[in-house]
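If you scroll down you'll find the structure; I have some questions about it.
Chain IDs A, B and C follow the sequence of writing; residue 1 opens each chain.
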Amino acid sequence: MQTGTIHNRDKFLQTIADRLGRKQRTERVPRPHWRHQPQWTVFQGYSQDELLEALKAQCPRIHTQCVETTSAELKETLKEVVANHGGGPVVTWDDPRFAEYGLTHLLRDEWPKENTDVHIWDASAGRKNIDFADKANVGITFSDITLAESGTVVLFSGNGKGRTVSFLPKTYIAIVAKSTIVPRMTQAAAYIHEQIEKGHLVPSCINFITGPSNSADIEMNLVVGVHGPMKATYIVVVDR
Amino acid sequence: MKVSLFVTCLVDLFHTNVGKATVELLERLGCEIDFPEAQTCCGQPAYNSGYVKEAKEAMKHMIRTFEHADYVVTPSGSCATMFKEYPHIFQGDREWEPKAKALADKTYELTQFIVDVLKIEDVGASLQGRATYHTSCHMTRLLGVKEAPFKLLKHVKGLEIVPLPNAHQCCGFGGTFSVKMGPISEQMVDEKIEHIEEIHADYLIGADCGCLMNIGGRIKRQGKPIKVMHIAEVLNSR
Amino acid sequence: MPMKIGNANFHERVETNLHNTFMRGAVAGAQERLHTRRLEAAKELGNWEEWRALGEEIRQHTLENLDYYLMQLSENVAKRGGHVFFAQTAEEANNYIRDVVIRKKAKKIVKSKSMVTEEINLNAVLEAAGCEVIETDLGEYILQIDDHDPPSHIVAPALHKNKEQIRDVFREKLGYKQTEKPEELALHARKTLRREYLTADIGITGCNFAIAESGSITLVTNEGNADLVTALPKTQITVMGMERIVPTFEEMEVLVSLLTRSAVGQKLTSYITVLTGPRDEGDVDGPEEFHLVIVDNGRSNILGTEFQPVLQCIRCAACVNVCPVYRHIGGHSYGSIYSGPIGAVLSPLLGGYDDYKELPYASSLCAACTEACPVKIPLHELLLKHRQVIVEREGKAPISEKLAMKAFGLGAASSFFYKFGSKVAPSALAPFTNDDRISKGPGPLKAWTEIREFPAPNKERFRDWFREHQKGGGK
């Protein structure tokens, strides 16, 4: 990775230090222990079952369908959900979890045989991926972390996990392992912060997606489905 | 219990009845009233317009006037709030900051005093009618006195208290705002009156003469039959 | 457009806008809805005051160490291959961005919502350089195609427009043939803008929160437009006000929670995206080149002064949504893209008192804004501070007022003058008194009596009554 450039920093920061009436701070400033920490009390002590119930309760409030299934039933559930949304074309991440969860056959054989076009993100095919996603009816990804309080899926995009799979198609489907559900964004942020402290690089794009896109810009009437997807479904796999 | 009355310039000049009601009420509740004649004004008109120097002269005078008092009680939420601001305004002043703090610590708005200090909620008042209560901004948000007026009004025999819609919205007084920004203030007070009419209240009750003069003055101009009363007058009704 | 809107003076603007019945209905309706939603969101959390206290702590600590965090941020952006430009002035920011645009031979630019880019008037600069600039936030898009109508609210910029007006603009400018139903209008915008995203050369965004520990920027939307602006074009330019920064992901999530609940009563908006540098090796979407432009434009002048707390702002507009003055006069009356209480405090600081000296007085100091602010900016106190500055340092108060206040100072500081004044007041005002009231008052009473009755001074002053009362032994 080539380092980027920085322009005009010295005078800019010196001005700030001058205005604050002290020397410029360049030594590590320790992060304070915040006196108030209410964010940790939300859903404190909840079991995975309770977190799942909370997630399910939140979904209707964010215009999102929530479907529960098991590993054994996942393939059939996914077929049904996609069919209910109007079928293909389907675009998905290139993600090892599709194989782990037994979905490879569906993506590569069953659906194409039924004339449902499937495109698995292919890093070597460049812009063609985006063109396909733009015309797709359904985009499918896994959820890396799932937030119960807000009904949010967290996606660490990158490489085979294209950003636009969850944005361009008309419908977005997230496959959620029950074990990925945490109380709220606090836990996700703590995890990411920990990774950074350990020296790991964050992906260039992390999405926190809560249901389909919407806007209330026209007379404050909520319209669901503006630039991003118009519909969203979370499929929760309860034994993963 | 000896109570020093800070009657406020608005009551002193324009609403003698409110002062009378306050005195009679507190005496009936067992207080001995001291009225330091030297009192003038808390300083808000100048202070809130940005005239700190001029306001401070008035404030020092008030601090001196009430230096001897045990309790300072006032029938005005905004004037009580102003007294509570004094220590902040005199911050850093070695002579006046402690004196300001001493005054602020012993100052109470009337309903706050009756409920929190005298520990009385039923003052034995009675008034027939359907009324609503105006929660004035400074008293509610800055002084933090939200429950006391309602606790007292609940026990007034014959009085039906109806909640005022959009009660959190300012009536448009704001001191000099009401004259400097007349057209805006007019819209605010008109909306306030619409809400009072919406619930068919006969009485509008409040704890701040500034607000009541604003709303009451507009009601009178519009010729509407809503009666405007200060809470001291209501609590003194028998 | 720049921060300043139009050239009419404050009172003229207010007069015009008070007659805009639709706008006032729209604003009042929006306030009701957003106020209720914010209160519900706060109640659901349960300990809202603790959240506010934490928000204040985070923002205050960050401002106190702003130079350190900006240093860390820039280092981390550069490490990830992004370019950072520190812009002291609007001109510097615009010049840098225009240079990038020219170097990239860009013709089409898509933008997500950014107040700071409006403040520096970026769109006009890019258009003058021959670019087509397209706003993708639905509200901003509507305003843009309506001949650059200025925004009237920080979060819902097209609040003042009704759906019929929007339909007519779409018909005139976009060849739209359908009805004023919001779903149809939004669908048309979706189709039109989807083409633009896919063919744009550059994407420009604002920044809700930059994260110092990783060199990241956070974008908060419901529409998903910022995601498309940053995923599809080859170059991304992000512009941020220099104070819009947090130390780590952990503070970002707290402030995002405060923002979404305070602004629109949502736990989280539909899309919160954290972007770090240009795309990674092997990515297909995302920009190949990333620029972060950090803007001062007068903010550093606020540091180290009693107005520093205003920089804590996270641009949620909770204060705007509770302000009883904004409710009636609407955003355009402020003459600035920053309206409502935050606008009344910030605009004079960034734009000077000459253009904005009325704003601090357009407030009854009801303190609803202070109560609503999720990061505890003492907004009404700062408005009062402006008044003090205007009177004492700027000397801009009218002479008649200064004289009146001097008289007040005399009268209220001396019980002699006060008692004298109160004694003669009834007779002095007798010519204007009818029964117990004054309907057409002289001097200072004139403005009052234009719309209200004023009580006549009591002939029996309270103090006179009390003296008799005491003599009578308390009854």
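One rule holds for everything that comes next: a residue touches a chain if its C-beta (ideal position, glycine included) is under 8 Å from a C-beta of that chain, and two chains touch if they have at least 3 such contacts.
Since we're looking at a predicted model, the values are computed, not measured.
*Asks:* Classify the chain contact graph as line, ring, star, complete or other.
*Replies:* line
*Asks:* Closest chain to the protein's overall Cα mean, using per-chain Cα means, please.
*Replies:* Centre-most chain by C-alpha means: C.
*Asks:* Relative to chain B, which chain has the most distant C-alpha mean position?
*Replies:* A
*Asks:* What whole-Å value do you get for the distance between chain B and chain C if each is reduced to the mean of its CA atoms?
*Replies:* Centres of chain B and chain C (C-alpha means) sit 32 Å apart.
*Asks:* So how far apart, in whole Å, are chain A and chain B when each is placed at the average of its C-alpha atoms?
*Replies:* 54
*Asks:* Enumerate the contact residues on chain C facing chain B in the complex.
*Replies:* Residues 14-15, 18, 322, 324-325, 327-329, 361-368, 370-371, 384, 386-392, 397, 401-402, 405-406, 408-409, 411-415, 418-419, 422, 425, 437, 439, 444, 447-448, 450-458, 460-463, 465-466, 469-470, 474 of chain C touch chain B in their complex.
*Asks:* Show me the residue ranges of chain B that touch chain C in the complex, using the header's touch definition.
*Replies:* Going through chain B, the ones touching chain C are 7, 9, 11-16, 19-20, 23, 27, 35, 37-41, 43, 45-46, 48-55, 57-58, 60-61, 65, 137-138, 141-142, 168-170, 172-175, 177-189, 191, 213-214, 216-218, 220-221.
*Asks:* Looking at the complex, which residues from chain C come into contact with chain A?
*Replies:* My answer: residues 26, 29-30, 33, 45, 47, 50-51, 53-54, 57-58, 61, 64-71, 74-75, 77-88, 92, 96, 136-139, 142, 156-159, 162-163, 166, 182-183, 185-187, 189-190, 193-194, 197-198, 213-214, 216, 222-225, 227-228, 230-232, 242, 247-250, 252-254, 256-257, 264, 267-286, 290, 294, 296, 300-301, 303-304.
*Asks:* So in the complex, the part of chain A that touches chain C is made up of which residues?
*Replies:* Chain A reaches chain C through residues 1-9, 11-17, 19-21, 24-26, 29, 31-32, 34-39, 41-42, 58, 62, 121, 123, 125-127, 129-130, 134, 147, 149-152, 158-159, 162-164, 167-168, 185-186, 188-190, 192-193, 196, 201-221, 223, 225-229.
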